[in-house]
Amino acid sequence: MRTAFKLSTLLIFPALVVISLVIFYPRASKAINNSEECLNCHVSKGITASAIRDWKLSKHFEAGVACADCHIPVKEAVKEIHESKSNCEDKRVRRLVSPRNCAQCHEDKVNEFERGKHALAWVAMMAMPTTKDQPSVLIEGEKGCGGCHRIGRDEGKCDACHTRHRFSTIEARKPEACMTCHMGFDHPQWEMWSTSKHGTIYFTEGKNWDFSKPLKDWYKEPYKADPSTPRAPVCQTCHMPNGDHGVKTAWGFLALRVAEKDPEWAKLRNTIMRGLGVLDEKGNFTERVKIVEAGKVVRLTAEEWQAERDRMLKVCSQCHSPSYAKEQLDKADEVIKESDKLMAEAIEIVESLYKDGIIERPKDYPLHTDLLRFYEVRHPIEQKLYVMFLEHRMRSFQGAFHMNPDYQHWYGWAEMKRDLAEIKHEAEMLRKQFAQAKQKKK
Amino acid sequence: MRTAFKLSTLLIFPALVVISLVIFYPRASKAINNSEECLNCHVSKGITASAIRDWKLSKHFEAGVACADCHIPVKEAVKEIHESKSNCEDKRVRRLVSPRNCAQCHEDKVNEFERGKHALAWVAMMAMPTTKDQPSVLIEGEKGCGGCHRIGRDEGKCDACHTRHRFSTIEARKPEACMTCHMGFDHPQWEMWSTSKHGTIYFTEGKNWDFSKPLKDWYKEPYKADPSTPRAPVCQTCHMPNGDHGVKTAWGFLALRVAEKDPEWAKLRNTIMRGLGVLDEKGNFTERVKIVEAGKVVRLTAEEWQAERDRMLKVCSQCHSPSYAKEQLDKADEVIKESDKLMAEAIEIVESLYKDGIIERPKDYPLHTDLLRFYEVRHPIEQKLYVMFLEHRMRSFQGAFHMNPDYQHWYGWAEMKRDLAEIKHEAEMLRKQFAQAKQKKK
Amino acid sequence: MRTAFKLSTLLIFPALVVISLVIFYPRASKAINNSEECLNCHVSKGITASAIRDWKLSKHFEAGVACADCHIPVKEAVKEIHESKSNCEDKRVRRLVSPRNCAQCHEDKVNEFERGKHALAWVAMMAMPTTKDQPSVLIEGEKGCGGCHRIGRDEGKCDACHTRHRFSTIEARKPEACMTCHMGFDHPQWEMWSTSKHGTIYFTEGKNWDFSKPLKDWYKEPYKADPSTPRAPVCQTCHMPNGDHGVKTAWGFLALRVAEKDPEWAKLRNTIMRGLGVLDEKGNFTERVKIVEAGKVVRLTAEEWQAERDRMLKVCSQCHSPSYAKEQLDKADEVIKESDKLMAEAIEIVESLYKDGIIERPKDYPLHTDLLRFYEVRHPIEQKLYVMFLEHRMRSFQGAFHMNPDYQHWYGWAEMKRDLAEIKHEAEMLRKQFAQAKQKKK
């Protein structure tokens, strides 16, 4: 008897839900009507409740966007989406959604995204020399590296910032939208910014700011005193000016640029690029430069660098005087150069250990250090070098640009100083031991 | 004259306070009347102001709960409470409060707590082999370990989550209630969750959620679109489903289970359990298994594990499709297994150094490594092994379950890889030196 | 034509802005009138928009404070302000503002600040032995050390806590105002407090608290139940009682006091003060004691220590019973002593390596260790010693005072234990190698 009762409930309940939706959201009746079949089945099975709840609270719902508008891939969607599996009875439906579907309404944003850096995140990860050596659950399974780099998978995942199924612009304009990926080890921008003075102002006043406004309108009336105008920049202010989904900066992820007028710095940079395997021993580009180009990780021309810098200066000048803004950015550039001095010295020390046969170079290694192998190296001195590059050098210059002197100094600069001292000492010991062993053989 | 004035104020002031309380909180007159003596004395002495302020804003006050209802221990309270000291003139009064007193009104919650994990926190800490070697101010003094493990002291401390003297359910349902203990080194769940996408949604929308609702009612109407319904899980959603104070999970604190069908994984787990001193060299349980059993740190049967997993799956399915939820949990299981491969390899390397007499084994040591000694070990390779186990392996699998790929990878997996490389290298060096020293003796 | 149009806009627009300001803020007409010239120029050039926006929302604006009131230095301002550069056409104007200008209205607060610790921040940084060796962009450029220590530069920077151009007391009373400098490596007070139970209460209820009230009035009616009264202390509650800008504590930054009744502890402290170069080998003060005195980093007399302790006890007693408060502070003192045992042992180990010629002492070194050189040391064992002192000992006792047992234990105590074990082991190895090398020479 109990089962019979349950069954009848199952038949009535979805109908009631659908009816009540149409009553309470009259403007959204199109969304409901076009989703009726989906809702009936999902509600009767009692599944994906949050997807339905969130969608009903979304602008999509108001605008009449139905389940199938997103979940039946358009023709232009990539193969990976078309061929992805699905549990739905309607064999056209996919769990994964293609940005090509989003582009039906948001073509300009999808295009901006495609021209930008995030679109390359998956490719950049797959191109790293040791990605193939990690368990697939971290990569394809998205539990480690893949969990953030998925923003560029299958041509892009809009829900990386506009979370399902609200896809809220308000959420995506708040700095917390960026933190899940821009935190930790090699890019603690969230930690830096949130504890900077800009962060202080956000956390003490941000609740009054109007995040429903498009970014391009935030400072439209620059002299109007309005407590709803953000008094400090959030991530999006500087990295998505006017809402541009390209998210590029002058220095890029690694604070490297190919064209360099300062000869002292050019030399340091060459050492670092050799350490990354982008230049060979003679200073020529290696095959690996293609990764760097494809990933747009490095600015290749002076013009490209300057264009991004000018754009940032304009952003800073929405609040600060242009002269103050320029000073701050120039100083942060100087921090990169100072950090590069320490980094290049450390790279050369380790390189010379290879050259002199003091530490073993695996067969598939280039003649120099290979910082892109990350933790996939054997000797503690190589481990230290990778951490110096990817954790501490990053924090040193990122801290300077994100106006967090504590991060810059203690988690960046101070650690680099310590790394270098320890690398020097270790190299000295290794050389001494090597000499002793040699003498013994004689 | 000045003293006389003061004294008269002291006599009048408490009376005024009491009168005004009765006037402004008529429904609470019972609480006031039954607390009159306490209030008169405390107010005249000018002490414990926040306790009185908070109590007056609490549901306890509204409901007529007076000071003595909590601070005079009921007969059933443990000896430690009855014998604890007190500064009160009324010799029946204790500063410490027993959960037995709480049980007068909240019997169900106290019972749930007692059947759960938190109730064992004090016992588990005291059972650790090196707790006795730490300064008592960190343990009994509650300034270190004891500060969190006190949640299980004297049969339980409800104020660990419902802070004095509001004892608010709203506070205790918010994720911040958990953070003071579930943060840092070996269990940075707060850091992971708060920067995950679930955390993003909480920080950007959580202010609209209705935390005054009991947990069991949060998703009672699963398809109703209501901005006051939590759109993302907080700690309590998954770890206290329906408000259950037992807070247990399938994998438990250490991600170990005794029953294991996968033979490859069973072997890895045996190595880890040997490293913990729970198994001996022959694979038999040691005395120490009693700690693990008593602390409910490990699931002993497959059924017990599966029951907790099924419960969690049900929680996830309040929002996600069951198939998606299962996939995510399965992948996190896989992360444990991958982490265990690195961990077991490292344990075996260190074990073999003991066996071959290369590093010294203190007399009170088992024949294998002893990860439960934490930092109370002498050799740097042992220190590294403990950190690999307690900091990095924990972060690797916790990051996977808490949907934080950055934590999983950079603070868990990447660090384990580095630990293992360094342990391997150090072991190699130690073996070489040992061989050289041996040869010299000849 | 386009240029002509632009020019006419430039002429009209500033006038409109000024007019609209006078219309909408009639009470602030004095501020406007006295700033007219500045506004006309800045608005026509389109610069410093946020300064103008923020000022218009500030109490300064309401009170009629004009640009020149701050930006034309008063006679009493220090030379560095008078001689600082400026881009303004009016040659009297400076970008930098002197606290002497602030003192025109806020004399009491400026005086409190000057008697306090923050006023010494710049001097203290410059006195460190290796500050001169860091790149100037980190120091004078304020991108590293200088970015926080600037609070004491040029006699003080009020905008370190009251950010430009709101200079809000509400902002400065919130704990986030302190975090940019009181975070990270050697003083993660923000991290500790914000995740303590005090922090939990702030994050779950703080939005209801009335931060517009002066600190001295927060607990004026101690028994009045009012949800707008802070239920937990923020940084300012304890460190700025009654709004005192002196921000001093009993133990000071380094948890050292010269006068010590406990003979065991006195011996440990002497070792630490020797390690800091404040005492010489014979226990006499060195030249360096002047830095410590000037920076008020250490309490020199028992009375001075006790006065600050008594003041803190009074603060705690605004909420807790005095006996509970005293117990907690006494226990935290005990944590310092326990930490000092580990610290002194480690210092003596490294000292003895110098004495016995096992590690090289640079020519400009004192006869003992020099913890104030921070990372500017060569040997890994010296690096470890500095980290043990400046990162881990600090976290151990700060965690105890800030009621964060997890920080105390895992990021303080546990790390000190590990440091000591590793320092011991390393020293043993160095001694063995030294002995072998000596024997060979024979």
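A, B and C label the chains in the order they appear, each numbered from 1.
Quick note on the criterion: a residue touches a chain if its C-beta (ideal position, glycine included) is under 8 Å from a C-beta of that chain, and two chains touch if they have at least 3 such contacts.
All figures in this text were calculated on a predicted structure; none of them were measured in a lab.
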Inset, instruction - Please identify each chain that touches chain A as well as chain B. - result: C
Inset, instruction - With over half of the numbers shared counting as same, classify the chain B/chain C interface as same or different. - result: different
Inset, instruction - Averaging only over C-alpha atoms, locate the centres of chain B and chain C and give their separation in whole Å. - result: 32
Inset, instruction - Please list all residues of chain A that touch 2 or more other chains. - result: 207
Legend entry - Residues of chain A touching chain B in the complex: 17, 43, 46-54, 56-57, 87, 95, 134-135, 137-138, 141-148, 163, 166, 170-171, 174, 176-177, 179-181, 183-186, 190, 207, 374-380, 383, 387
Legend entry - Parts of chain B lying in touch with chain A, wherever the complex brings them together: 195-197, 199-201, 203-205, 207, 219, 222-227, 229, 231, 317-324, 331-332, 334-335, 338, 400, 403-411, 413-414, 417-418, 421-422, 424-426
